[in-house]
Amino acid sequence: MSLSAAIGQTPSPSPVVDAAVVRSPGYWTGVLRRLSRDPVAMTALVVIVLLLLMAIFAPYIAPADPSKGSMLRRLKPIGFPGYPLGADELGRDMLSRLIHGGRLSLLMGVTPVPIAFVIGSLLGITAGYVGGLTNTLIMRTVDVFYAFPSVLLAVALSGALGAGLTNALVSLTLVFVPPIARVAESVTTQVRGLDYIDAARASGAKAGSIIRVHVLGNVLGPIFVYATSLVSVSMILASGLSFLGLGVRPPEPEWGLMLNTLRTAIYTQPMVAALPGVMIFITSIAFNMVSDGLRSAMDVKS
Amino acid sequence: MIIGEPAHLPDGPDRGGPAQPLLSVRDLVKHFPVKGKGLFGKGAVVRAVDGVSFDIRKGETLGVVGESGCGKSTTARLLMHLIKADSGEMVFDGEKVGADLDLTAYRRQVQMVFQDSYASLNPRLTIEESIAYGPQVHGVSAAKARAKAHDLLARVGLEPGRFAGRYPHELSGGQRQRINIARALALEPRLVILDEAVSALDKSVEAQVLNLLQDLKDEFGLTYVFISHDLNVVKFIVDRVMVMYLGKVAEIGEGPAVFGAPRHPYTAALLASMPKMDPDARSAEAPLTGDPPNPINPPSGCRFHTRCALAEPVCSVQEPPLAAMEGLQEAACLMALPGSGHSRAPAPVEAAA
Amino acid sequence: MTEAVAIENLSVTFTGGSKPVRAVDGVSLSLGQGEVLALLGESGSGKSVTLRSLLRLHPPKRSRMTGSIRVAGRDVLELSPGELADFRGGVVSMIFQEPMLALDPVYTVGAQITEAIRRHEKISAADARKRALALFERVRIPSPDRRLDAYPHEMSGGMRQRAMIALALACRPSVLLADEPTTALDATVQIQILLLLRELQRELGLSIIFVTHDIGVAVEIADRIAVMYAGRVVESGSVRDVIRGPRHPYTRGLLASRVERAQKGDRLETIPGSPPDLTALPPGCAFAPRCSLAAPQCREIVPPLAEVGPAHTAACIRVAETV
Amino acid sequence: MLLYILKRILYVLPVAIGVSIVCFLLVHITPGDPLTAVLPVDATLELQQQMRALYGFDKPLPVQYGLWIWRVVQGDLGASIATGRPVTSEVFNAVKNSLALAAAATLIGFVAGAGLGILAGYFRGGWVDRIASFVSVLGVSVPHYWLGMVLVIIFSVQLGWLPATGGGPQGSASRSWDWDYLRFLVLPAVTMSVIPMGIIARTVKALVGEILNQEFVHALAAKGLTERGVFRHVIKNAAPTAFAVMGLQLGYLLGGSILIETVFSWPGTGFLLNAAIFQRDLPLLQGSILVLALFFVFLNLTVDILQAAIDPRVQRA
Amino acid sequence: QGTLRIGMTASDIPLTTGQTDNGGEGQRFLGYTAYDALVNWDMSSATKPSDLVPGLAASWAVDATDKTKWTFKLRDGVKFHDGSAFTADAVVWNLDKLLVKESPQFDPRQSAQGRSRIPAVASYKAIDPLTLEIVTKTPDATLPYQLAWIMMSSPANWEKQGKSWDAVAKAPSGTGPWKIVNFVPRERVELVPNPDYWDKPRVPKLDKMVLIPLPEANARVAALRSGQVDWIEAPAPDAVASLKQAGFSIVTNAYPHNWTWHLSRVEGSPWNDIKVRKAANLAVDREGLKELLSGMMIPAEGFFPPGHQWFGSPKFKLKHDVAEAKKLMAEAGYGPGKPLKTKILISASGSGQMQPLPMNEFVQQNLAEVGIQIDFEVVEWNTLINIWRAGAKHESSRGATGMNYTYFIQDPFTGFVRHLQCNLAPPAGTNWGSYCDPEMDKLFDQVRNTFEPKEQTAILQKIHEKYVDDALFLMVTHDVNPRAMSTKVKGFVQAQNWFQDFSPITMTK
C-alpha cells in the first residue's frame, strides 16, 4: 500500500514547489476585519483620527491665532459672534486654542506610551525569555517602580525634575515602562512555555532567532493591546500634570493647562471653562473604546 | 536519504554500527523545585525523573508507558535537552552528548513531536514556514527550505498547494499532528521522540497517523521513542517497552515479553486495567486501588509498595534495583531480585564468575 | 422494560456564532429502566450536546432545541423554570469529564453536596452532612469525614471524580448522565471508576447514559451502544451486536481501525478523511465523503435508522451490503 | 499560612528597599547641587552644615543612602524646608486625611462598581450590560480633576448643598464623624470614586463573565440550583479577586490623590505634595513619596495575604 | 461677637512665632494681630493714607547731636499673652533673635524674614526696663518705618516651650489684640481676643477669627459662596461680578503696592539695555490688563501709584505704544528674525500677587508682540520670596533675568532703597537684580540724612523720576486690594495699607 493511500489523502504526484500555494489571510488581517465590524470601536477610531488630523493641521484649521488675545473679548460665552466656542480669560479664541491644544495634549498624552512600549517590551521580553537571574534582576527593578502608584510616580518625578514638557514626557514614560514590562514578561514567560518554542529550541535555533521568529509575533499583540489601554490613562495623567502646573508652561495651549487657567472662570463661563476637560474626556474615551475593541477583536474566541 | 537534496544537511555519522545503542541514558535525574514551598534554602522537590537508565537501539521503537505524572514527558525533554538534567549522562552513538557531541549537532539528529498538536505550532506562522524554520536555522537557504517543506508536506499526505499557506488553526487535529511530524523530519533526524503524539487524536485519525509513522520509519530508517499511556497503542507499535512509575523505571524489555509476561506487579496491574474489548469478559475487579502517590514525597523503598497487592514489609525499606532477567527483560521488583528478602524472590544464585 | 428516557427526533442548533451550528440533528434514542447506554463517537459528533439536552443545559438565548425528550413520563422541553430546577439533580443528574472544572473551587466538596441535598429536600444541615458522609463512604473515599471539608483542588483526580459521583447521586436520581467521566483519568483509576459506576447502577437501579469515544470503555460499562456521527445516531444496538456485527460503515471502520485487534507491524485499516464541518454539513449522509460504499444517492438523502436485527438499527442505505 | 505570610514579607523587603532608593535619589535627579535643593535659599551656614551632615552630601552615594535610611528607619524624615516642621508628623497628619478620603472613595467605588459589574456580567449582551459597561468606561476615562470642578459648580456653587473645599468646619485635626464633617467628604470622595468604580465594574464584569463560562456553573445548574443559587456561587468566586482589586485601588487613590486634593483643598498627602513641589521642599517631597509608596507596597502585601486567607484556590504553602 | 472665617491666599498658615513669612499677608494676619511692633501702623481710616503711630514704644527721638543714636521709651504695663511683662530686655532679646546667630533664641526662619527689614540697625541696648537705645550704621531717618516690621514675641514663652521655636509655633505668645489658639498646620488657625490688650479701643469685638489658607482663587470663591468662610482675600476678578450679584460685598481701596517685573541687572542680562527696558514698558497694554481684572487695578504710570506725593514728574510716559517699542527693540539690535528670549520667575499665587498666572500670561503676550519672548518658571510664592532674597546671581534663580514681584512700597526704604542700593545686593539685602548706580546711591544717602520732611519729599520725587525715566522696572500695575465678604461682616474699615485692623469687626447673625 502506498504511503498516500494509507493516509487517505491524494497528494500531487510530484512535490509541487511554490506556484500554487494559497496563503491564508494572516492573523492581523482577521483582527482588523473583526475590528472593522465593531461599530463602537470604529466610531472611536474615527474620533481619534479626526483629533490627530486636527492637531496636525491645527494652523490650517484654526480660525484664529491661538495666542492672540483681546481684553475686550475675554470670557465670552459659547456662540459669541466670531468665537464659536467662546473666548478664554485672555480673550483668545477657545476653538482655536482647543484645536492647537490638541497638539501638545496628544503629544504629551500619546508619546509616552509608544516609547514605554518599546522599552517595556524590550525589558519584559528579555526577562521572560532569558529567565533566571536576568529575569530576577530586571523584574525586581521593575517591581520597585511598579510599587509606586502611577500618579504618584509621575508627580514625584516631574516634581523633582521640575516642570516642563520634556520632564513631563520623561516622567510619564517612566510611569508606563513598569506595567508594560510586567505584561511583556508574563506573556513571554507564558509563550516560552509553549511547545512550539520547545520545538524551535529542539531544532537547534539560537535564542535571537527564536525570539524574532517565534516569540515576538506572539507576544507583541497582547502587549500592544495592553499598551493601547494605557493611552487613555496617559492622556488623563499628562493633562493632570499640566493641570498641576508640572507639564506644559503657559502660554502654550494645552488642554490640561487651559483647564487650570480657566478654573477662575467657572463662575462666569462654566461652559467655556469646562471645554478643555471635555476634550480630554473625549480623547480618553475614544482611546479606551478602541483599546476595548482591539482586545475583543484579538480574542480568537469571539 | 530520500527527502530533498541530501547535500544540504550532512548526515550524522553512523559510528558504532547496529550493535551500538543509538542513545544510551545513564542515571538521569531531574528534580523540580516546588513553587511556593520552602522559605530558606532548599525546599521540597518533585522527583519527576529519579535515576533512569536505558538504551535506545538503532532502528527500534522504544515505548514508554506509565501513569500521568510518572515522568514520561520529563524524560523526553531531558533526552531532547530542552531542560537540563540535574545529573546523569547521555551517549549518542558513542559520543557523549554535551562533551563529544555539541548540542546543535545532537539536536539535528534527535527531534520531537509533542502531544498538543496546536500548542506545538506557532500560530503566527504558516505551516510551510514552521516546517522550513528548522533547516533554515541550520543554514539551508530559504528557497531550498521551502522546497523541502513542500516535499515533506506531500510525504505526510498534505497537498502542499492547498496546505502550505495555511495557519495552524485552519487545520484539524490530525492534520496538525502530521505537520508536527513533517517538521520533526525536516532536519533529517535519526531519533524521533513522540510524546503522546497520537493521544489527543480521534480513534479514526489515530490509526491514520500510526500508519504514517510506521511508513516514515521504514522509509527513513528512523528510531522512535514512543511515549503513551495507551497500552494498546504501545503494544501495537513498539519493539521494546519501558514502564515507568513515579520517576523510576519499573520494567523494561521486549514488547511481547513484557506484555505477555510482566515481571513487575505494576506492569501487570496496568495491563489488567485496560478495558476489555469483549462484552462477555468484562473486568470484575480493579487490579489496583487508589491513585498514584504524590511525586513530591514518593514512598520509601519500592515506590509501588503502597498499592502493591504483593508487598511485604521489606518492600517499604529496600529500593529494588533494575534486575536483569532472561530475554533481556529487566524489572525493578524485589520479587525479581534474587535474595532480596521478599518471600517470592528467587533464591540467590551464586555468581558464576 | 419501561422506558426511562425517550428522545424523539431531537435537534439542537447553536445560533451564537456567525453561522448556526447544528450540533445534533434528529437524534432519537431510548433508554430502559436500569439500562446503561453508551454514546460512542468521535470528537464533535454531538455526544455531549445530546447529553446536556436532557437537562436543558444549553444557553437558552443561543440555542434552539426541537423534538421531544421524555424522562419518567415528563417532557423535558416543556418544563417550567421551577420544574426544571427540581428535575435537574432530582430526577436526572450528571457527572462531568473534568471534575476539577465541574466543582466550584471555592466551596468544600461537602458543602457542595449538602447544598444539592438541601436544594431538593427539606432537611437540616447536619442531616444533609450525614447523607453526604454516607455517600462518600458509598463511593469509597478513604477518610470520608476529613475529605468532606476538603476543597476540590486538594484532592487527587480519582478522588475528585468519586466526589463528583457522590454529588450526582446525592438526591437519588433515577437517571445518571456521564460525560466521559474517565477520560481524564489514568488507566488504573479509570477501571476503578467504571467498576464503581457499574456497581452503583446495579444496586440503585440507575439508568445511565455514558458518553465516551473509547470503545473499550463502552464495552466495559454499557448494555447498549449508540454510535453518533456528525450529530446523528448512525447505529445503535446491544453491545454484543454492535461490537461483533457492526452494520454501519462508520462503525465498521471504527472497529476495524482499532489497534487492539491489529498485530504488531500490521498496517491498520483506516477511515480516510476527517470528520465534517458542522456548519456546512453535506446534504445526504454525512459519512458519505469518507465512505467506501458511498453511492450517488447517499449524497442526496439522509438515510433513516433502519432495523437490521432485534433492537439493532443502522442508518445506511447500503446496509444490506455490510453483513 | 504563617510561612506564607513570612515569605510574602521577605519577598516585599527588597521592593521596599528599592522604593526607598528611588525616593532617596529623587533629591539627586533634581537639577543643580543637591544641597541647594534641600536648603532654604537663605540658609544659614549652620543650617547648611546641619543639612550636609544629615544628608552627608560629601560622602559617596551609598553611604549617604545608608545614613539617610538609618534615620528613616528611626522615623526621622528630616524637616520641611518651608515650615521647619518635622516631615514625619506633617506626612502622617496628611495621611490620616487622605486615608479617610481614599477609603470613602474606594467604598463608594466598590459598591457602585461591583453593582454595575454584576449587572453587566449577569445580563451579558443585553442593554443593561451595554449601559453598565458604558458607565464603567466613562469612569475610567473621565479626567477626574475636571469632574471635581464640574461637581463643585453644580453642588456647591449652583445648588449650595455641599461645601466646596476643605477638610471640615474645624479643620481636619478635630474631625468627628458627624454630618458636619462628612459633608466635606462627599464631593471629593464621589469625584475620586469614579476611577475605582470603572475599574472594579470592568473587573467584576470580566470575572462574572469568565466564571459563568466555567464548567462548574453548568454543574451547579445540573444539580438543580436556580439562577439565584448559581449566582451566589458566582459571587463567592468573584469576591476574592474583586476585593483584591479594591484593596489595590485604595492604594492607588491614596497615592494619586494629588489632583483631587488640589481641586478640593483637602488637607491630605496630595495637598502636601503639591505644596512640597511648588515650594521645592525636597525633604517634604521625598518623605511624603516614601511614605505613600511604602504604604502602597505594604497594602499590596496585606491584600495578598488577605486574599490568600479568604480564597481557597490560592496556594498557601 | 460672632466668628469671622477668612480665606487667605497663602498655601499654608504663615509662621506664628512672631516674624511671619508669606509676605504682607502673613504680617497682616499673624503679625499685627497677635503681635505688636515698637512702632505700629495707624489702620483706623479708609480715606487717608495710613501713617505710623506709637506701638510698644510710647515715644522715640533721635539724638540731636549724634543722628545715629535713637532712644525709645517703651509703653508701661504691657503684658505678653503668657502673662510675662514686656520690657526693653525683651526687645533686645527679639532683635537678637533676628540678628545674632550666636544667641540661643536665634531663629533662622524668623531671621530670614526680619533681618532685611532693619538694615539700619547697628546695635541696641536696654538702658532701663522701659528705655531702649538703638544705634544705626549711618544716620537714617527711616528707622521707625523699619522697626514697624519687627514683631515682639515673648521670651518667657520661648523658655516655657522648651526653647524650641517649633513648640512655640503651636503655642505662641505676643502682645497683640489677638491670641493664637488651635493651630492646625496647613489647614487653619484660630485667633481669640486678648481682653487685656493695652490699647483698649482695639480689643476685638469678635468671639473668634479663623484663618484658612485657600491658595486657589477659585476655591476661595467657592468657599465663600458655599458659606464655608465669610471673607476672602483677592477673589478671582472674573468672579467679582457674580459675587456681587450673589449679594456679597466687594471691598477695595488703594494701598502702597505695585506689581512689577523686577529686572536683573547682572552681567549678561538683556535688561541692561535701557532701550529694551523702555520697549518692554511701552509694550504692556495696561488698559487691556485692567479689563482682564474686571477693573480691579490701577494702571501703573510709575513705580508709585499716580498721585502719590513722591511721584514727581517723570518724562518717560508709560503708555501702550507698540510701534515705538518695536522701534526701540530694533535699535537695541532685535527684530522679527531675532527675538529676545529670556526667562522670568513667577509664582502661581501669593500675597499681593493678584492673579499672577493670567496677568503674566497677558504681559507675556504683549511682550511677544514687540519681539520679547518670555519663558516662565512657575514657583510657589514662598520660594519666590526666597529666590528674591537670594538674588539673580544665585543658583536658585535658575538663570532667570526677571521676576514678577509685588512690592510693599510704604516708606523710603521699602519703596526705593532696598531695591536698588548698591550695597544691598544679595546676600546683604534685597536688591535682587544687583543694580548699582552711584548716582542713585547718592540720592539714597540724601534721603537718610534729611530729617526735614519737605526736603526729603523733594529728593524722593527725584528718585522716583529716575526710577521711571530709566525704566528700571517693568512697571505694570497697582492693586486695589479687593476682598469679598458676606454681608454679615460689619464694621470693617479697609485702611490704605497692606495691613488691616480686625478689631472693630462684628458679625451679624
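Order of writing sets the chain letters: A, B, C, D and E. Residues in each chain are counted from 1.
The rule is short, and it goes like this: a residue touches a chain if its C-beta (ideal position, glycine included) is under 8 Å from a C-beta of that chain, and two chains touch if they have at least 3 such contacts.
Protein identities per chain, from UniProt: A, D = ABC transporter permease; B = Glutathione import ATP-binding protein GsiA; C = ABC transporter ATP-binding protein.
As the structure is a prediction and not an experimental result, all values here were calculated from the model.
Participant: Among the other chains, which touch chain A and chain E together?
Facilitator: Where chain A and chain E share a partner, that partner set is D.
Participant: In the chain contact graph, what is the shortest path length, in steps, from chain D to chain E?
Facilitator: 1
Participant: Tell me which chain's centre, taken as the mean of its C-alpha atoms, is farthest from chain B.
Facilitator: Here the answer is chain E, farthest from chain B.
Participant: Let me spell it out: compute each chain's centre from its C-alpha atoms, then which one is farthest from chain C's centre?
Facilitator: Of all the other chains, the one whose centre lies farthest from chain C is E.
Participant: More contacting C-beta pairs: A-B or C-D?
Facilitator: Between the chain pairs C-D and A-B, A-B carries more contacts.
Participant: Report, in whole Å, the distance between the mean C-alpha point of chain A and the mean C-alpha point of chain C.
Facilitator: 49
Participant: Quick check: how many Å separate the C-alpha centres of chain B and chain D?
Facilitator: Between these chains, centre-to-centre, one finds 53 Å.
Participant: Any idea how many Å lie between the Cα centroids of chain A and chain D?
Facilitator: Once rounded, the distance between the two centres reads 24 Å.
Participant: Report the inter-chain centroid distance for chain B and chain E in whole angstrom, where each centroid is the mean of the CA atoms.
Facilitator: Inter-chain centre distance comes to 89 Å.
Participant: Touching two or more other chains, which residues of chain C qualify?
Facilitator: 267, 270-272
Participant: What positions in chain B touch 2 or more of the other chains?
Facilitator: Residue numbers touching two or more other chains: 208, 211.
Participant: Which residue numbers or ranges of chain E touch two or more of the other chains?
Facilitator: Chain E, residues with two or more chain partners: 216, 348, 378.
Participant: Name, in rising order, each residue of chain E that touches chain A in their complex.
Facilitator: 216-218, 221, 236-239, 241-243, 285, 287-292, 348, 355, 357-358, 360-362, 364-365, 368, 375-378
Participant: Name, in rising order, each residue of chain C that touches chain D in their complex.
Facilitator: Against chain D, chain C makes touches at 52, 55, 57, 61, 81-82, 85-90, 93-94, 96, 98, 101-108, 115-116, 119-120, 151, 153, 167-168, 170-171.
Participant: Which of the residues in chain B end up touching chain C in this complex?
Facilitator: Spelled out, the residues of chain B in touch with chain C are 67-68, 172-175, 202-208, 210-211, 214, 229, 231-233, 235-238, 255-256, 269-270, 273-280, 282-292.
Participant: Hey, which residues of chain D end up touching chain E in the complex?
Facilitator: Per the stated touch rule, the residues are 32-33, 36, 40-44, 46-47, 82-86, 90, 93-94, 152, 156-157, 160, 162-167, 169-173, 262-265, 267, 271-272, 275, 278-280.
Participant: Considering only the defined contacts, which chain B positions touch chain A in the complex?
Facilitator: 77, 80, 82, 103-104, 107-108, 110-112, 114, 116, 119-126, 128, 130, 133-134, 137-138, 146-147, 150-151, 154-162, 164-167, 169-170, 178, 180, 183, 186-187, 208, 211-212, 215, 219
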